[in-house]
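Consider the two complexes below, in which chain A is the common component and chain B and chain C are the respective partners.
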Partner chain A sequence: MSEAAKQLVVNLNALAAGLFLLTSFGIVAMRQARGCLQLFIAQSLLLAASAALLGLRFDSGHLYGVALVNLISKPIIVPWLLRKVASAELYTRREIDQVLNIPTALSIALGLAIGAYFLGVPLARAVGPEYVGPNVPIGIAGLLLGALTLTVRREALPLLIGLLAMENGAFLAGISIAHDLSMLVELAIATDGLIIVFIVGVLVRAVAKQVGTTAVGELARLREGPR
Partner chain B sequence: MGIFYAFFRDEARKKNGTRRQRQVSERILYNLLQVLVVMAFAPLVSGVTSRLKEMLQSKRGPSIFQPYRDLWKLFHKDEIVSEDSSWIFRFTPYMVFVAPIFVTLLIPVLTSYPLFFAFMGDMLGGGFVLALGGFFATLAAVDTANPYGPIGASRTRMVGFLAEPVFMIVFFTVSFVAGSTIPYIVQQKWVTPIANFFAPSHVLLVLAFLMLILAEGGRIPVDNPSGHFELAMIDESKSLEYSGRGFALMKWGGQMKFFVLLCIYLNVLVTPWGLAKDQAFAGVLLAIPLVLFKIFCFVLVLVLIESSLSKLRLFRITEFLGAAFVTSVVAMIAQLFLA
Partner chain C sequence: MSVLWILFPPLIAAALAGIRSGKAWMPAVTAISCLIVLGGTLHMASVVSAGGSLTAGLSAAWLSWIAVDGLSALILVLIAFVSCTAALYSIGYMAHGEPTSGKLRLYYANYNLFVFSMLAIPLLAEPTLVWIVVELTTLCSALLVSFENTSEALEAAWKYVILSLMGAGFALFGFLVLFAAMHAGGGGSYTWAGLVEAAPRMPPLLMQTSFLLILIGLGTKVGLVPMHTWLPDAHSQAPSPVCALLSGIETTSILYVILRLFPVMHSVPGAHAERWAVVLGLISVGTAAFLLLQVHDYKRMFAFSTVEHMGIILTAIGLGASAADYGAMQQIVSHAVTKSFCFFAAGAVLLAVGTREIGSVRGLIRRAPLAGAALVFGGLGITGAPPLAVFLSEFAILKAGLASGHYAASGLLAIFIVIAFFGVMVHVNRMVFGAAEGAAEPEAPADRLPFSVVLVLALAAVPVLVLGLYLPAPLHDLLVSAAAAMTR
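Our next item is the complex of A and B:
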């Protein structure tokens, strides 16, 4: 590969990572559960793109494997599973509420993303000369923003998506550090994610059936008698 | 600015005597040609936009030359000015009309090299001059004591002060990435080498600036440009009290402002190709249809956006511009993360 083509691939990877960060912000701020899910799908596609581009850059079959696993499990199987187990929550309700209002949540998210710079850059420097691109700091930012989503949301499904976004962030950082992760690990992580989705989906359905709502933020106190 | 003066000085050193004088006169000429192009084609952009919008709704829509006819009609009508208004009301249409023309002198509309008046300001300066026109329009809306004027004026200010930090971050990021806020230097940065075009900071800046154009141009997720309901107006209600020539100038000025914003957006940020590279007159003339083609492509995207989204509630505009702010900040930190 020529030097210019290498530079182009590196920049495209950086672009995928930058858009990945933008979708993480979107997941924090989006009002609709369905919009959250769509952003998560976009995020997973960008993660797959980043993995494929890094695979191209380093000639690594394992990274293509990561891309393929991500392409199949997250954008296709996760929505399908959620549709099966919790479709009412996703497709009938429109607005969901948050602990903090959206501008506040976004400002905190910006602070976290800038904080990720201080966490990520020394880490990336420690990897060595073969590391390229902004994947590590952006992956850490994705992790932190997923955690923020877990904190500010009060509904079960966005909470689940926050959890999955955290996993995506860790993945994005991981693929740029370890170019040849063994395939077994990748598959294990992918199935783990699916099992989480399945369990939480069933849980959401059970909660909705028992309590009549999925606003789990309001279920913090024990109370006797009818609600 | 230092780079810019150095550019001019080197240019001057390269050339001698009469040849240089001829080039300077050519540069003044091209600068005036730019102004003429902006004045002539700004109403066309508005006409094409409304026509395409109607066509997308399966209607026929007015002719694309309707804005010209409107301007012609308004210029031949009597002007009525309220007795209670002050000089600001009479002065504002000229200000609104002239501000985009001043900015046209500064930015690359047809050429990729700076023209005669371009040394007067960078992108930030252009933004300030445009804001001055908006400032006077707001004052004039309050001036007449028409009840709808101040509503629209305060709402425009609300959108304005939410958009302001985004503009600032966008310009900071541009100067951070390209090392300058002079549009002629910035536009070279994205295409040499071509890999720079796909840098995350560039693409995210393009996104953030698009949202800014929607907000500043009073386009649909923020404001409905074709709405006629005074209580829901944001941008439009500022010119409610104007009639005749004043109204024509306000309208034409608004269309030129939009045209100028598009020129900055397309020629500097999105597609810095197709501009005249040397001083040949034919090349500069050829740049006119190319620029119009770029603007047409943008208008297609704009019409799609406007037809597929609905207008946001007033207090959701904060969130829209918050999203623009986040996008611009992400553009900046993505550049930091690369290092």
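Our next item is the complex of A and C:
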């Protein structure tokens, strides 16, 4: 590959990573449950794109594999599985009151993203000269924003998406620093994501049936002290 | 000899338990599978502690990811022992309340899958694969926690899944950074042993970051304070035999993964892994000791005591002396046998009185003498009263701490242990010997406990008592070889 082409690939990867960061912010802020899922699918596609571009850059078949796994499991199997296991009602939910209001949550998200930059850049530098692109800081930001989603949301689907978004973030960073992780491990992690969706879906269905809500964040009966 | 076969009995039992059949079938299959696994792990332990090593025994390259040394053999034996007693206990306990056979199938299938996922943790030596089976333990046990399907149980299961998986997200990134560090240090085989070898060449910054990410991420699942908030919920709402598994051994087998990092981090300048362990450990022990004073639910009480014990083990490892490592291994054993006994006793009390509220249980020794006596024995055992198992191991840790000059840490540890002793015993004393308030309440004699519950209470009490009096030589050898895995 010529130098110019290499540079183009690196720039495209930076674009994909930048859009990835945007979707992470979107997941924190989106009120509509369905919107959250769509943003997550977009995020997974961007992760796949980044993996494919880095695969091109480093000529690594393994990264193509990661791209392929992401392309199949998250945009296709995850929504299908959710529809199978949990009720369709999950999608139609709209969250009115979050634990924190959206402007506050977004300001915290901004702070976390800036923190992720200062954490990620020295880390990436320590990996060595072969590291390219902004994947590590943005991956860390994705991880932290996913965790933030888990703390500010109450509705089941956005919480599940927050979990999966954390994993996406870890992977976006991972593909740039750990290219040659074994394919077996990669496949196992993808399967694991699907099991998460399945188990959480089953739990949500049980909660909806037993308690009559999918706003699982409002369950708060277990605590110290007399009830 | 190949060690992989140990994973098959639980898998087969999980499949067989799914078959539509009589109600005796599922518990029988589960108990037999657990007994086979117990025999297998005991054999492995004897080979390993005699100085032998166990690998997959096949030639494919990726099978180097499977290896058993002293530490993993110790954890394997404990998983097998607790899953065995809990399986026997389930026979009588789960039949109580007459659940449908569909529910029972769900229970036993999940039970076996859960045992399978736990057994895989010490068998695997490749960190990312270990991460995956740690995830599997959460996912396989989630439906066991929510088994009773009350809104409390569902809430507990939900918190458990979300917080554990959130921690796992951080841990995953930690393991990927560790992999990158290995790569930057010139490569090698990405296994626990390979990491120890490559550690001096790996970039310190990456190592420190990955250590903290994994400590926080997996520490969530171990129940270290301040990431412990889900633990008392999940460990108290699940059916009692599942609580015994969760508290007795699952926490320890996750802690085992963290312990694996200490020999690796030792050669990293500025990592201070030991200092982190002592600080986090003492915070956990202290917080749990004070929270124990104000619990209102006796199963939550034992769950908080798990937080305390995880803290003690982590602190012991953080002391960094080889005698303290040995003490930590001994503590792992005594905690597993004693805590599972405590939950068996708590389950018996629950069967007898039907409530988890400490305040509503008085005069247990008259209403249900056996359950009451078991509760006292468990309470004394877990808080470290002599001459029981926990006393011996806590004494070993404190002695090692003082001998290696960690006066402040050992002193704090001793104070917290004493506070926890009073915290637990005050509640147990009131429940068992307290006079019923008002005295008007007629004390109905409780139903008889199911036979398997009584049997397991008797069986599980044996190691709690015996290990406090003396350590059998084979166990001593195993502990020595487990502590050797921590050599720094």
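Note that in this section the second predicted complex is superposed on the first by the 214 of 227 C-alpha atoms of A that agree within 3 Å, B and C clash if a C-alpha of one lies under 4 Å from a C-alpha of the other, contacts with A are read in each partner's own complex, and residues count from 1 in each chain.
Please note the rule applied: a residue touches a chain if its C-beta (ideal position, glycine included) is under 8 Å from a C-beta of that chain, and two chains touch if they have at least 3 such contacts.
All of these numbers come straight from a predicted model, not from anything done at the bench.
Chemist: Overlay done on chain A, so just call it for chain B and chain C: clash or fit.
Modeler: After superposition on chain A, which the two structures share, chain B sits beside chain C with no clash.
Chemist: Comparing chain B against chain C, which has contacts with more of the residues in chain A?
Modeler: Larger number of chain A residues touched: C.
Chemist: Return first, second, both or neither, reflecting whether A:138 touches chain B, chain C, both chains, or no partner chain.
Modeler: Once the two structures are laid over each other on A, A:138 reaches chain B alone.
Chemist: Just to be sure I read the superposition right, which of the two partners does A:192 touch: chain B = first, chain C = second, or both, or neither?
Modeler: second
Chemist: With the two complexes superposed on chain A, say which partner A:129 touches: chain B (first), chain C (second), both, or neither.
Modeler: After superposition on chain A, A:129 lies in contact with neither partner.
Chemist: State whether A:180 touches chain B only (first), chain C only (second), both chains, or neither.
Modeler: A:180: touches chain C, not chain B.
Chemist: A:4 contacts which: chain B (first), chain C (second), both, neither?
Modeler: After superposing on A, A:4 lies in contact with chain B but is clear of chain C.
Chemist: After overlaying the two complexes, what is the shortest C-alpha distance between chain B and chain C, in Å?
Modeler: 18
Chemist: Take the contacts of chain A with chain B and those with chain C, and give the residues found in both.
Modeler: In chain A, no position sits in both the chain B and chain C interfaces.
Chemist: So in the complex, the part of chain A that touches chain C is made up of which residues?
Modeler: The touching residues are 122-123, 126-128, 139-140, 143, 146-147, 150, 159, 163, 166-167, 169-171, 173-174, 177-178, 180-182, 184-185, 188-189, 192, 195-196, 199-200, 202-203, 206-207, 210-211, 216, 219-222, 224-226.
Chemist: Show which residues of chain A lie in contact with chain B when the two form their complex.
Modeler: Going through chain A, the ones touching chain B are 4, 7-8, 10-12, 14-15, 17-19, 21-22, 25-26, 29, 102-103, 106, 109-110, 113-114, 117, 120-121, 133-134, 137-138.
Chemist: For the complex, which residues does chain C have touching chain A?
Modeler: 62, 126, 128-129, 132, 135-136, 139, 142-143, 146, 149-152, 154-159, 161-162, 165-166, 169-170, 172-173, 176-177, 179-181, 183-184, 203, 205-206, 209, 232-233, 237, 291, 294-296, 300, 359
Chemist: Could you list, by residue number, the parts of chain B that touch chain A in their complex?
Modeler: 193-196, 198-201, 203-204, 207, 318-319, 322-323, 325-327, 329-331, 333-334, 336-339
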